[in-house]
Structure formats: C-alpha cells, structure tokens
C-alpha cells in the first residue's frame, strides 16, 4: 500500500465534529471562552463598573468633587447636606462627601499594594511547597501554619507599632506591609493545592518524558494551569485588605496624621453617630460596596475560568 | 410488613398481558446554553419477563439517558421528557405521581451502574445500606433486615458474608463492590433489572464473573434484564435481543443471532467490521469515517448519513427513515436495508 | 543482536511495600510490536513508565539501542529520550489545555533544540499534523476544540516529533469509543510501516492486542507469566492464567455460546503489596498443586510448550472446543 493510500485511509475528512458554537472556525483559547462567558454575566459588569469607578475615584478625586477635603470650618460641624456637600459635614466641619472621595486613594492604595505583597509571598510559598514536595513542602507548610495561627489583630498591632517610628509619616507604608505580611497564607495554600493537582496531570508527565527540565515544567505547564484559583483568591484578598485598613485605622493603629481614608473617617465619626449619622454611614457604604465589588469580580472570573463548568 | 406487591399490582392501568416494560416514542431533551440537545429522539423498546435486552451504542447515543428516563432519575432541568410513554405492565410511569413512581422504582424496577464506588454511600456500612432497604420498604426489624442482607451477600457470592456485613464500600475490591451493588438492586426482588455498563470498568476476568452471576440470578428469579453497553462481545454472550442506538434513535432492533449474522443497518454492520476479534488475526479494521454528531446539531434525514457508505439522496432529506418492520421482531431505520443485509 | 532496539533485564520497581514490577525481561526487535497484557495490578503501567524514564527502577537494566538508560542524567538522559517516546491513555488529560496544538506538538523541538532549526519548526509541526490525519490549518487551535480520537492523534504526533525508534503505547485506545478505536489502531499500524517504528503496546483489551502485536507477553502481579508470538499465546496458551484470561474475553459471535471453554477464576487479584508465596498465581489457579505454593516457577520453555511459560505444569489448552 502506498504512503498516500495509507494516509487517506486514516485521514478524517472535514466532517462535522462536535460542534458547540456557531463560531467554530475561530481559534478559541480558554481565556477567550472565559471572556465570552464573562461578557454575558451581568454580575461581572456590575462589579467591573464599580471597580473602575472606585479606581478612577482613587486616582483622580478632583473629577468627583471640587471641594477640598481638608478645608474644614468648625462652624459647619455636623451640618446636614448643603450645596455640593451632599453628605453633610462631620464633627470637624469637613465635607463628608469630599473626604469620602479623597479617602478612596489611601484605602485602595493600601489594599492594592498589600495584596501585591501577599501575592508574591503566597506564590513563592505555594509554588515551592507544591512543586518540590518532600521536606521542602513540610517546612514551608509549617511556616504557613505558624503564620496562620498568629492572631491577626495581635500581630497587626505589634507590627504596625514597630513599623511606624517616624512621626511624620502617615502610616500608609506600615499598614501596607502589615497587611501584606499577614495576609498571604490562604493564597499560598490555594496555590499549593493547585500546583499539586497540576503536577499529577498526564500532560506534565508527557513533558517530563520529552525531557523537559523543572524550569520549563513550572513555567509552561504547572503555573498557567494552577494560577486561576490563586488569582481569584487575590481579588478577594484585595477587598479584604481594603476592609483591613479600615479596621486598623478604626482601632487607631492604621493611618495617622491627617491622612484620609475610609477607615479613619469611620473611626472619627463613631462617637458622634447619634448626632449625625452621615459621616459614619457614607464612608461605610463606599467601603462595603467596594469590597463587595471586588469579591463579586473575583467570583465571576473564577467561574468563567473553570473548565468544569463548561 | 406492608404488602407492597398487592398494592403495586393494583395500580390503575395494570395490564397482565402487557409486556413487562414498554417504551413508546420516548423523547428527552437537554436544554443547555449551547442549544437543545435531543438526547433521546423517538425510542421504542420492549422487554418480556426473563428476557435479556441489550441496548448497544457508543457514548452520546442516548442509551444511558433512556435508562434514566425509565427509572425516573433524570435531572430535570436540564433534562426534559417531552414526549412518549414508559409503560410498566401497561401503567405509564411518566404519568404516575412521584410517590407511586418511587414505589415502583424500588420494588419492581432496579438499576445498577458502572461505578459502584459512587453509587454506594461511603459513610455507611454495606450491611446498613442493604438493611435500610428492608427496613424502609418492607418494615422489617433490624435483626431480620440484617439476616436478609447476609443472605443477599451470599447470593452474590461474597465470601464470608457474615463477616463482611459491617464493612464499608471502600474496603471491597472493584468486583466485590459491583456485587454489593447488585445485591442492593435485587434486595426487593424487582422484576426488571437495568444494568448500565456494569462491567466496563472491571478487569476481564472479573467481568466474566459478574456477567455469569447476573445470568444466574436472572434465571433464578425469572427477571427481565436490560443491559446497556458498547461491548459487542458481552452482548453476544448474554443477550436475547439487541436494540442498537445512534444519535438518540434505535436504528436496528433484532434477535441476537440476526444482528451478528446479518446486520441490516449500515451502522451496525460498520461497528461489527471495526472491532478486532480475539479469534481472528490480520483482518483489516474497517473504519467508520468521521464522528458521531453533536446532539444539538443532528444532520437532516438519517443521522448517520454523513458517515454511511450506503447513503443516497433520500437519506439526506427529512423525514428520517421510519422503523421498517422487516421480519417478526426485527425493525431497521434504513431505506436501503436490503442492500446492507445483502438480500 | 543489533536488531534488538529495546531490552530489559531483571527490571524491578518497588514502591515501599508494593512490588509493582518484580523481575521483567523484555526484548523488542526493530519494526516489531510487542503486546503486553494483564489486568489491574499486574504492573504494566508501571512498566511503561519505567521504559520511558518517568520512574526510576529499583533494580535491573533498560537498554535502548544498546545504550544503558538507568543511571543516565542531565543532557545524556535528555538525548537518550529521543529514541523512546510514549502515547498516553487519556486524551483528555495528556494535552496541556492552555497550549495550542502547534505548541504541544512542537514542544519536543523546543526541548531538543538541535533536532529541527527554529525556522523550520512550524513546517515540521504541520507535516506531523498531516501525517496523523489532521488538518495543518488547525495548528493554532486548543485541545478542547478536538474530539477524543483527534486528541489522541495529537498525542501520537507529539510522540512522533523526534522520530523515535520505539514508541510505548500505554492503553492508547481504551478511552475511545469503539468506532474511533479502529481509526487510531489503523493509524498506529500505518505509521509503523511508514517509519519503521517498534511498539510496546500495553493494553487490557486482548482482542486489540492480538490485532496489532507480533509477540505478546502476559503479566500477572509484576511478572511476565507467558510470552510468545500471537498464535502461540492465543491458540495454544500454556499458563493457566493466560488460559483463564482468554476464556473470559467475550467474542462478538453468539454462535460460540456454549462452545467455548469457560474458566472462571475465583476471588480477586491478590494485593501487590503482599504477593502469595511460591507461584504468585497459585491462590486462584485451577491446576494448583502443593509444589506451587513453595516453588516460584521461572519463565522458561517447558516440556510441553514451544514458548516460555512460568508454570510448573505448563500445558497447552485449546480454548475453542
């Protein structure tokens, strides 16, 4: 039998395969499919719009209000809404609306950078523990357990105090580092189990058999297939860290000086809530909505990337 | 002890002369975001007492969905039975209220699955699970239920049944677990047993044991057996009649000797020619070109036509070929069956 | 002897207490297909992994084209891997879902960068796609856009990329539908003819193994219990396990009902962590004698058989009465 005869015997002519979508012809990746699903998901859009608005608010607060959050007149103390101060005035006579808008920046900054720090530490620990296994895993996992076991507030108080020696600073760095260093454990655990699951996949064995070294295995095969859950945990962590800053500031160990953040606003408005609820309520609402938006975003992305849900 | 049998015999519509099980024009759809999948597209089946009917087909042909529809265990949604009847002794199960249906399901029609490990509850002992059937459906005391359970395990040839009654599913090997599942299915003395790929996941020697056991139990109890599988060897060994399914329809139905000796449908014929056989060597494996269709996008006319060597113009046009009755007990959905059968 | 492309001697793999592979000798000649059959726990999957270097043997030697593989490291090991590749069982997990088909098939060229220069790699990958019967236009598609049979072809193309002499097929068609199995089996056979490949074909489906193999080895609990050419094993088996195995395989011909010798084994396969004394099969053997519990029979040609068998009482049994 000639070569071409043999080949034609086994070739599949272009017969209809398992058609799933009308646009079968276009090449589709997992990310492409995920995007298609996200596009259709109203929750994704709501969350995404909210996140974008908050980010713009943090970067360009002047777009939202012409008022100066720091120009406060005691004569305005606890006045209701008037003119552009749609949320009224707080106990120092500051424009609550302006303070809320300007407060976004510190809150978001702390949230984003703390998450970045947690992400890097978590990735390193998770990837290392998951890929190498054995005693490396044992050691790293024990470290994770130890950090996990430390009571958050206790550690936060200790760390924040130690890191904020400089009376001039506003404490953003200290809070960021505190949150970053204490919040990576869940991300590390998730990464570790994803890596362990990916490691046992047949395609990793296939690559090993082809002669791939550890670097290629990690970068090309394991990481791309284990990072989805990790990233989702990070988006949720982002929301948690923003709330965390608020907590620390509320407790008085967060931002200092005349820094503005939602946490500080809530902290200051607390004692006066009977007189004027606005200064407490509005920053809280912004905080809650932002955290919720990040969490919803994380959920939507996770679901879109989950091949099992297809 | 409630007299469940008298109760079930008295369900309105029961017809002592009707076949044990009769499926008429069954249609099951799955509504997914990719469209509507016609998993079962006009299936007719029947089963007589003590008979073995094999439903043969590859993955996606609708055989498991048919079985689940008969049992009434389809997930609705996304599955919807849109048309048809499933008559047990003349009574249409699809139109029975759920309470009655559940009684029929437990006591008259039973099912075993491919994967015993997921069909058995891992946190209860085997004795508890089997005993529960007796306690709940027959009102037996705990002691009686335990005794009957041990008897059952003996019947399915589990060695040292008395000692193993307290063991958990994971403590049994694959073949043993399958036997436990069979024991559970037979506990309430059903008249029909549906076996959905019961031996596909088992080693060949264990498969032989289990199929032998099923055959023996069937004869002892005069039970009807519906065997769902893709394995043409197993079918040749045990079946009396075969219904071959493709893309949601029964494309050929015949007694077993006729199917293997003189298949009348191109798909059946092509399948037989594509499997390697233990007793031959060096035959050319004939390939069926292409792939089975997606159930959301079944071809017009005969669903098999794009892959069929005998296809001609009428095959590509609607309506799909009807079930031609070519001999007693033989139907074929093919316009050109005489060509295929070489008649 | 230069005709022998693969040879193992006394290959052993123990996982802590489990003796998965316990002394296996295999010889594969150029252009031939050696089928390895056995049921679960017999060690054939572990054997496959040992042959391609996914597991390191506890003892014994593996020689590929005369070169000893055990003990190779680093660059030497990588280069040696070019000669022996594997096709895996599950087409749904053996391809990285995040890589395009072109990347998957082309990865061997990236790892062994001296085989095909970068400029020619895309061309080489497209050729491979054609060779296995897929359209070269699909080079940028992802695995989930293909059916099971097509994915298996991709796996075969990947195994073929480095033009190995030996391909270990580990249950390559078990996860496929019956009508697709024939396509892939035919493909494997035509590739063998075209490229002069030698196959180790591991499967539990005895009919498929018979179809594709020249010689067959039957494994039980980590050992080879019988080996011979296909007509010897399938028509004149001498080891009781082989005989039982063959009698258990259903044949798609109802006229044979009642005409085949039925040997039904009692009980389950013993655990590889605790194999029986003497002959490992004696606990389930229908011919067992007291000697079998004490003396472990070696794989050798016996008095009444023309091919090696590991049974003290080896005797051919014809299973079609």
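Labels for the chains are A, B and C, by order of writing; each one numbers its residues from 1.
What we mean here is this: a residue touches a chain if its C-beta (ideal position, glycine included) is under 8 Å from a C-beta of that chain, and two chains touch if they have at least 3 such contacts.
Fair warning: this is a prediction, and the values are worked out from it, not measured in the lab.
Comparing mean CA positions across the assembly, the chain most remote from chain C is A. In terms of C-beta pairs in contact, B-C outnumbers the other of B-C and A-C. For this pair, chain A with chain B, the centres built from the Cα atoms lie 50 Å apart. Centre to centre, using the average C-alpha position, chain B and chain C are separated by 33 Å.
Per-chain CA centroids place chain A at a distance of 48 Å from chain C. Contact with two or more other chains is made by residues 147, 149, 183, 186 of chain C. Counting only residues that touch two or more partner chains, chain B has 287, 291. Counting only residues that touch two or more partner chains, chain A has 9-10, 12, 17-18. Interface of chain C with chain B (complex): residues 39-40, 147, 149, 177-183, 185-186, 204, 206-208, 210-212, 230-231, 234, 244-257, 262, 264-265, 267-269, 320. Taken together, the chain B residues at the contact with chain C in this complex read 58-59, 159, 173-176, 203-209, 211-212, 230-237, 239, 256-257, 260-261, 270-272, 274-279, 281-283, 285-288, 291-292. For chain A in complex with chain C, the touching residues are 1, 3, 6-7, 9-12, 14, 17-18, 24, 27-30, 201-203, 205-212, 216, 220-221, 224-225, 307, 310. Contacts from chain C toward chain A in the complex involve residues 52-54, 77-78, 81-82, 85-86, 88-90, 93-100, 107-108, 111-112, 130-135, 140-142, 144-147, 149-150, 155, 158, 162, 183, 186-187, 190, 193-194.
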